[in-house]
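Given below, in the form of structure tokens, are the structures.
What follows is chain A paired twice: with chain B in the first complex and chain C in the second.
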Partner chain A sequence: MKLTTALATLLLMTPAYADEIWVTNEKDDTISVIDVDTLEVIKTYPTGERPRGITFSHDFSRVYICASDSDAVQVMDPATGEILHDLPSGEDPEQFVLHPDDRHLYIANEDDAITTVVDTQTRTVVAQIDVGIEPEGMAVSPDGKIAITTSETTNMAHWIDTETQQIFANSLVDSRPRHAEFVKDGTELWVSSEIGGTLSVFDRDTQAEKAKIEFKLPNIHPDRIQPVGFELSAGDEFAFVALGPANHVAVVNAATYEVEDYILVGRRVWHMAFNADKTQLFTTNGVSGDVTVIDVASRKAIKSIKVGRFPWGAALRPTN
Partner chain B sequence: MREFFLPVVVAGMIAASPLAAQDISVVYLRQDVPPPPTLSNLDPIPGDLGQRGAELALQDNATTGKFMGQNWALEIVTVPEGGDYLAAMQDALAKTDLMLLDAPAEQLTAAADLAPNALLFNVANADNALRDDACRANLLHTLPSRAMKADALMQFFVKRRWTDIAMITGEAPGDVAFADALDRSATKFGLKIGKRKTWAFDADMRRNAAQEVPLFTQDLGDYDVLLVADEANDFARYIPYNTWHPRPVAGAEGLTAHAWDRVVEQWGAAQLQSRFHDLTGRDMQDVDYAAWAAIRTLGEAVTRTKSADTATLRSYILGPDFELAGFKGRPQTFRTWNGQLRQPMPLTSRAALVAQAPLDGFLHQRSELDTLGLDKPESACSAFD
Partner chain C sequence: MTRYLPAFRAITTREALRFLHQRERFLAALVRPLVWLLVFAAGFRAALGLSITPPYQTYITYETYIVPGLCGMILLFNGMQSSLSLVYDREMGSMRLLLTAPLPRWFLLFSKLCAATFIGVLQCYTFLAVAWAFDITLPPLGYLTALPALILAGLMLGALGLALSSFIKQLENFAGVMNFVIFPMFFLSSALYPLWKMAESSELLHDICAANPFTHAVELIRFALYVDIAPWPLLWTVLATLVFMALAIWGYDPARGLVRRKG
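Here is the complex of A and B:
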């Protein structure tokens, strides 16, 4: 009973804040905060130079931002927008992933062909791993045992053992891999290839390629269909795949690897984030400088929200 | 003969793929040709043009190579002015049959004929004939031809409806060749180059462009855009703002078409620019990019075929599975009828990307990239049949 009262008091005190989607604006050095209920930008916070990757700590008390041209990962207090401190990150951090231990960040250093592992508590570099040219896509398996770096010019997914911080396998993928995710409880690794125009599916245990997903849109030349970021819907049932300059998001059935739908969004769609119950999807559209809101059930774009210049990364911040 | 050897040390750090080690060496064979004298020294041609692009690509390949058991090496051979290019070619053939060539057209074709089983890349010569009746089956081209440059400009004029074109041409052979390419391209896109003049001044334009150029351009009448064919940019730089009518200038100054330019930033290009800058301390230019693309093409082919055999590499490179990610927004492939690398062409001003050809709306049944340069029916090349 006491707990209920406390909760009720809390609810009374905090005027029902809605969840937020945080978007990094690469060419404005800012973050736009979108209110998920009103679908409007409610705040804009300054960041370091060229913010790209963005992710929250597990309790959402910290937000980590790759400020690529400041050569730092910035740690911000999401309640105030205040930069608390920088983490050592190696040069030109582009994208990163937070290990399930909520403590270690695996960072792709795009200019240096290195993956840097940083301990967010001691704020020190734990390891640096030589990878291919222009590392970008980063993923960690849900059990935390494997980290992945994909390198854009080397065209590989590097499999890193997180215990030894050593590469134990390399898988060739099509040209310019951009994004990687572990899917289906970590049994599969998915990698998008921007110039190759494909999404490769690997078996986690054997690192063997299991499937390759291709995309086709009427009236758009295959060269312009360039898969970049992607996210999985509830239960990993469907993958929503940003197709870059094709200005569409593809809906892929994750069980059959068939493409079921294409949704028209803004120009050069890049990355995306779901709301808390995954009924809405927010895509960053680099060239048009806006965010498209997709209704997941109907697979329709319902709104465009103007943000800063060249929106890149997106992350959900639940507030209750 | 100057020789630089750049061995790339590859540590056997990754034991994950137990592939047999592969040694791949490439020679960059350059004929030293003195640049023509120009009035201004503002844009000197780097002495290491081209070779630094090759070096960067070799580093890129070597990084991939260390995961694949490949050892890459690059040797730069420069034949001095008046030196024997074919003798140097003969020497290089003793070491490798994978080469980048940087030489005038006659030397290129002679070198290609000397090495029928080698795989050669022309990285510095824009001559149309090399993609036309003077083509060679073992000679691929990563630098865009003059025809590609001209088509890129004309597409822009069509798009902007700049249909009334005037032209000033220099007297150097390259200027005349570029003017021919522009003429041919204008016809291809339904435009016409009207009034034209030949630049035949020997006064120092650095002092009196403001007096001379308005008078010189007065009798061109009115037009939408003024093309200047001046490959060395000897006089073109003095034309803008001094024309009788206030009109845009294109070709050698103003709006120019490139394989690569420092203003290209999109499509991840900023990374390539900064890697090149870190290596060289200067901007990456067309020939640097062409050399980079040639070595990266070899890198892709060796990695995907796991072979260093020239015939295997050539057929993969010209085949349907090859694609080069070249930081210009779409995959680049080779034309099977003349060995030219298909590629988007940035149209740039000195400070920014203006547009990228092919422009929207120029369609083609095969690839929009084939709206630039010699398309299959236009090329008299038969060596690839």
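Here is the complex of A and C:
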């Protein structure tokens, strides 16, 4: 009996860890950690200069951070917030993507017009691929065979064969492509164009454009509608698209490519991350310095949480 | 006690019947805030969102912001309308009948106030339902928690109407009330703009708005609609209700009130 009571007490005393959303703050050179249950910032960790892209290793034991102005990809221990080491990344890394092998990082080097492939275990550069001017968006197919770099000034999506590390196709997109994702089990590639104000859908096999999604908001000038980051809901049913200075997130039906809704969030929304069961979406709002939490089912913003200055990237860290 | 209940029932039934028979009044009471909501707010072009101020947790559109203010507007107009009907009663002579009832004057006035408040609250909920249909929604529980706030605000503005009606001798003077009470009260409040925005243009305007009891009634409703309590606006609204009610009772006191002096 005593043992049961003691065990029960111990269980009650063990702190219940909630999942976390990690947000990079470009101007503060920090990461804000948001508790998904309480929707409050619980920790702030210092990083290198101008942190932007952020992603976790598959077992969540390491977090990779693009410290753009430090010209490095930093590797942090998420348990302690300690920077373990830097990876060679080429100059001005902005976005990157972790290959499904959990080992290779594909990094866009904006100033050098190259994509750098880094082995995170040996900490060496495996390949550098010449791409268009100002590469930014990075994606990799779920089977790991294709990597994508979008170049902001050349206005192209470059298709890279990850075995040969060579470009095998280029697709023209609208002005200033900023973000790319493979969706629907990798059968489609979606690319957002910031200045073009569109989202292009490409067929993976033919690399041909099969649809283009446009956005229109009442009372907001079209110039302000600048699609950047986007994420797909559970089952790739809907896409949530950040519209930058339009301060809205668009909800796109991924089957019909129709825009169904617009959700008001903070100022200049950049990127976003879902919670573990994809019922909540966290958007980083650069200018207003906060993160808006969206209830996915009702498509309503429920809270905006103050973080550091100019939040940019976001990633989920499950703790259970 | 047995004498009180029939009187209360008679006064409220009369008010309810009057309201039911005046469908245009109900429609007008609904159209007014809806015009503000759907035309004025749409033209205000705050599509990019208003900054976060309590009780809001995130960015809101202007349409969402003015909903509590428009509830206040309904109650304000309803309070004035009820005072108008008292002036009408006085001209028609039915007020003499009412005031000669063998019951304390304050009870008769309070019954009248309750009836008017009930109608005002009913109008508010109709307005909220229409706003909901236009996708201007609130937290579901907020529709319930707003009830006490709407009642208190209704009592306060109804009491103001009663107090004013003791000053007004003729129906024609009601236009004056509109100009000197309703409009300043409505525009110099937080109904249409947040107080911090007022402070940006003029500190004096901000101070006037902050002292306006209508501002506190609106803030009370605003917080209640978001399942929150605003202690200061609550205190101010209760105080204002007591003061206006006391003024109305004094105004209608046959021995030394305004009724005798004027009439």
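By our rule, the second predicted complex is superposed on the first by the 306 of 320 C-alpha atoms of A that agree within 3 Å, B and C clash if a C-alpha of one lies under 4 Å from a C-alpha of the other, contacts with A are read in each partner's own complex, and residues count from 1 in each chain.
Please note the rule applied: a residue touches a chain if its C-beta (ideal position, glycine included) is under 8 Å from a C-beta of that chain, and two chains touch if they have at least 3 such contacts.
Keep in mind that what you see is a predicted model, and the values were worked out from it rather than measured.
Once the two complexes are overlaid through chain A, chain B and chain C fit side by side, free of any clash as defined at the top of the document. Look at A:48: by the touch rule set out above, it reaches neither chain B nor chain C. When both complexes are overlaid on chain A, the residue A:90 reaches neither chain B nor chain C. The vertex angle at chain A, taken between the C-alpha centres of chain B and chain C once both structures are aligned on chain A, is 80 degrees to the nearest 10. If you count the residues of chain A touched by chain B and by chain C, you find the higher number for B.
Once the two complexes are laid over each other on the shared chain, residue contacts for A:289 go to neither chain B nor chain C.
Looking at the shared chain after the overlay, A:267 reaches chain C, while chain B stays out of its contact range.
Of the two partner chains placed by the overlay, neither chain B nor chain C lies in contact with A:137. In the superposed pair of complexes, A:308 makes contact with neither chain B nor chain C.
In the superposition on chain A, A:220 contacts chain C only, with no contact to chain B.
Here's the short version: in the overlay, chain B gets within 10 Å of chain C at its closest Cα pair. In the superposition on the C-alpha atoms of chain A, no part of chain A is touched by chain B in one complex and by chain C in the other. The part of chain C that touches chain A in the complex is made up of residues 42, 45, 47-49, 52, 57-61, 137. Considering their complex, residues 217-220, 246-247, 264-267, 288, 292-293, 300-304 of chain A touch chain C. Chain B meets chain A in the complex at residues 13-14, 16-17, 60, 63-64, 66-68, 268, 271, 274-275, 278, 296, 300, 303-304, 323-325, 329-331, 367-369.
By the touch criterion stated above, chain A contacts chain B in their complex at residues 110-111, 113, 130, 132-134, 152-156, 158, 167-170, 172, 174-176, 194-197, 221, 223-224, 245.
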